[in-house]
Amino acid sequence: MNKIAAFLGLGHMGAPMAYNLTKAGFLVKGFDPVEALLQASVEQGVEKCSSAKEAVKGADFVISMLPSSTAVEYLYIDKDRLLEDIEKQSLIIDCSTIAASSSKRLLSAARDKGLHAIEAPVSGGVKGAAAATLSFMCGGEHEDVERAKTALQHMGANVFFAGPAGAGQTAKICNNMLLAIHMIGTAEALQLGVDNGLDPKVLTEIMSKSSGANWSLQTYNPYPGVMDSVPSSNQYRGGFKVGLMCKDLGLAQQAADNSKSYTPLGSLARNLYGLHSLKGNEGLDFSSIQTIYRKEADK
Amino acid sequence: MNKIAAFLGLGHMGAPMAYNLTKAGFLVKGFDPVEALLQASVEQGVEKCSSAKEAVKGADFVISMLPSSTAVEYLYIDKDRLLEDIEKQSLIIDCSTIAASSSKRLLSAARDKGLHAIEAPVSGGVKGAAAATLSFMCGGEHEDVERAKTALQHMGANVFFAGPAGAGQTAKICNNMLLAIHMIGTAEALQLGVDNGLDPKVLTEIMSKSSGANWSLQTYNPYPGVMDSVPSSNQYRGGFKVGLMCKDLGLAQQAADNSKSYTPLGSLARNLYGLHSLKGNEGLDFSSIQTIYRKEADK
Amino acid sequence: MNKIAAFLGLGHMGAPMAYNLTKAGFLVKGFDPVEALLQASVEQGVEKCSSAKEAVKGADFVISMLPSSTAVEYLYIDKDRLLEDIEKQSLIIDCSTIAASSSKRLLSAARDKGLHAIEAPVSGGVKGAAAATLSFMCGGEHEDVERAKTALQHMGANVFFAGPAGAGQTAKICNNMLLAIHMIGTAEALQLGVDNGLDPKVLTEIMSKSSGANWSLQTYNPYPGVMDSVPSSNQYRGGFKVGLMCKDLGLAQQAADNSKSYTPLGSLARNLYGLHSLKGNEGLDFSSIQTIYRKEADK
Amino acid sequence: MNKIAAFLGLGHMGAPMAYNLTKAGFLVKGFDPVEALLQASVEQGVEKCSSAKEAVKGADFVISMLPSSTAVEYLYIDKDRLLEDIEKQSLIIDCSTIAASSSKRLLSAARDKGLHAIEAPVSGGVKGAAAATLSFMCGGEHEDVERAKTALQHMGANVFFAGPAGAGQTAKICNNMLLAIHMIGTAEALQLGVDNGLDPKVLTEIMSKSSGANWSLQTYNPYPGVMDSVPSSNQYRGGFKVGLMCKDLGLAQQAADNSKSYTPLGSLARNLYGLHSLKGNEGLDFSSIQTIYRKEADK
């Protein structure tokens, strides 16, 4: 018998994830308050629902992919109170990247109602969502995460168990803070090399085989022309937007604030991305940070 | 017939490099002003010379591994004037990490005397020197770099041609600046995770398979107990010293200054390593930067 | 007729403020959950109350000086629900430094109950509290701030009207972020001068009369021995503690996060103070940041 | 009898300084390789010389105001070898802001030839030069500095004796590094306040009377409209150019490098000014750093 999944939030990430579930034979009942998004998913085989409440009826999995802590808390607890409608056999899988404190609140509120819920924020971006190569960084009860794999395996390549409630969110923001740092570091190193006469392709090749090696340099090079098929060679269009990186770096700083941890490089990365976004670059790919290091013609 | 190499500078790096050459059948004529270092190499098969001048006689390769720009310029040009003694058939290979401007001066002065010289700073540390897995980042004439491989192949695993004089030094300091940045970034991300309840091994595993992946995290993890056989699991002894990282980051800042390049993360990395070194940590491995993020008992 | 003031929170700041009010002829009804603090104020002429509820009876002014947003919200709204006991003729003056959002909530909740309230966080420290030279940075209705001066004038030298609810808190954290930045900047400039052979007194005198002039340099010099009667000449004891500066810098970062403002220097100042506090320096005066720049004997 | 001064370098700073000397009754013999600059000074009463060599004949004071270490070393030592032409009775006063090491070299080379020389870099900018309110930060022999006052008193308001050769340059760059830090800090605090609803004039007034007080806030406010007659209210024209601040911050970093001092805020200030200059702002006043914090319409 086919599995039934409610899918709430059908944006850039949610839509391809839901589509991958339908291709795997799931009956996917979708809802998004934006009619155009909902319609687009319906054309890809998702069953149209007129509300979140309708979508969760009879679901084995209730999967959500929402843009903010507030959106998640409104949906499940404070406004739509969806936890009151979700049935006991359902497993809630929240894939949104939100504050660990919000995620803990959701999982705790679910447990209070006798429901099972995990957090499963993702890494891999729109490309990973389309190709079903996402990584899920899961927090919650171990057996719930195991059970979630039935659905997650069709949307991604890796399912990590990070620990109890909040641990998945923490792993996600630690990862993305580190990503921001080595992306900016890579941009600085490449520009320094170029300004001193090096060919960015040669420098990339050398550092990739040396101790400077990192994901940004090797798979997502920010210097235009070094790699094909990455945003830097397409005017920084597509990919993982500066605005979203700013959001994740903000969550990292909140986490650091709560635990009295200090992250000078992480904070500076946040500020550099923030200043970059203020200048109208919020919608560009995050590797566009390369451009702040480039000399412009005098005004 | 066996090749003849003069080897000048037999410290932590030079000694194992010279030893590897002897094992490959080279006749290695060594000199170091520190008698104890010279003697140690002699016991490993290096032929003892009483001066650099004596060592370079009849050499196919004159290899130097010295601690600073000044040391290199003194040896070849300003004080020992070794360029006047080196023979036409010799190829000078300076493996020291020094300012690109100093290296350019050396290569230019050699050319003025009808000599051939390249720069070949290394990456890989004492461990790489011992295991003959160093990377050489070469600058100079392409054919000279090709010729140098006869010797370099026995001391390392990769020989990169970065470009003309200075390009090898530039590649080296770009790489090491990037290394410092992702080492510190990795330390911050791990501490942030731990402070929020994550297991550093689990977090390392997750980020290693995600976009946070980088050399520091995956092969040289700074958090004690995550990996065996790295300095962090040996009280940060051995490895690549904080003092040497400070030196390389200083060279990176000089290069940036000259080319009017700006590197906010690189500069902050330099300052954090510098402040760390001021507190008596100059001799620890550079992954010991992890300790600045750890709470100490109140004084 | 004498004015009546309830005073809630009799710690390092609250106690001398309450005492100054008694000296000005106010009947001060005090409460603090810590018995020893309450008793100490009673010995200085404050009338002992066994609860906040008892203290506010018949008060013209209800003044609070509490350590955190949570403490303020618990007292007035969420736990002790003191707003239900405060009488219509009372003016609430909250002198605590808290998040602007918390302060707005308090003023709004008071207005909903027909009460008048302002925020009046202070600058000037324990010394200013004792000498009645504090500056109050007030937010709320202009006429309420005017009315508050009857009390505030006896506890401080300046009463600023910053704007509507939240504006006083914002002014306070902007000021303290700027203070942190020029304190650290002053420490860096003095150490750089000393390391290059200058006398810190001479350098202080020169910069004080030049464009480097600032409050930290001129009135609160962080370099030991330059000024008498400041914490740096008393082993950094007394004054404004590192832990409190960390708190204020945390509030500044929260404000920046909410308004999508970016403050690279402010964030770095926060991280440097945070790392300093982790090493057991939380209780020292904030000018002790000077010590992070000083070379220590090798371990 | 009138004093005779040679004045070498008649740019934005040198020209008004030379003019002030003529007004004080000095015979000023001027030279600048740029004919237009020389001619402009001649129209203000400076005697035209066709070379530096001609200018120094019979001079009581040889005053130079040049743009870089290289320019000073070329003039006096390496190229024009002016030290060979300067007469024994002359006192050399180099007002250029250059590396302490270059200045030490000049003073030492002068002494070797039996000449007297001091360094006297200035603070106060073009405005101070015109108004004769400059501060001179002098290094060298104390009696030489005393003697220099005969000339300096007509060009400035303060003559500081910082210490031996190099001390004046060090004081200057420490001051300007601190200036850069509190200018940027002021810009961040003002923007943070404005973004949270404060009036920048009110915030300036409050912080000026509180612990945030500093020269940038109070006399050179970077927020447009807060003060009249400052560059921020004139589209950041005039004043102290970004390019010159970058130069001074570069000298500060070189000094820090030499003395193994670390200045995280100073380095970040340098990088922020550097990135600002790359975007075509090199010719604007340095208070224009305010603009990097301002949101621009999306591209």
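Per-chain numbering from 1; labels A, B, C and D assigned in written order.
Throughout what follows, a contact is a pair of C-beta atoms (placed from the backbone, for glycine too) under 8 Å apart; a residue touches a chain by one contact, two chains touch by 3 or more.
Going by UniProt, the chains are A, B, C, D = 3-hydroxyisobutyrate dehydrogenase.
Keep in mind that what you see is a predicted model, and the values were worked out from it rather than measured.
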{"item": "Far-end chain from chain A, centres as C-alpha averages", "value": "D"}
{"item": "Interface sides of chain A and chain B: same vs different residues, half threshold", "value": "same"}
{"item": "Rounded Å distance, chain B centre to chain C centre (Cα mean)", "value": "50"}
{"item": "Distance from the mean Cα position of chain C to that of chain A, given in whole angstrom", "value": "40"}
{"item": "Two or more partner chains touched - positions in chain A", "value": "260, 262-264, 268, 272, 275, 278, 293, 295"}
{"item": "Chain A partner contacts - residues on chain B that touch it in the complex", "value": "100, 123-124, 135, 137, 158, 160-164, 166-167, 170-171, 173-179, 181-182, 184-186, 188-193, 195-199, 202-203, 205-207, 209-217, 220, 252, 255-256, 258-266, 268-269, 272, 293, 295"}
{"item": "Residues of chain D defined as touching chain A within the complex", "value": "264, 268, 275, 278-283, 292-299"}
{"item": "Of chain D, residues touching chain B in the complex", "value": "250, 253-254, 257, 260, 262-264, 267-268, 270-272, 274-275, 278"}
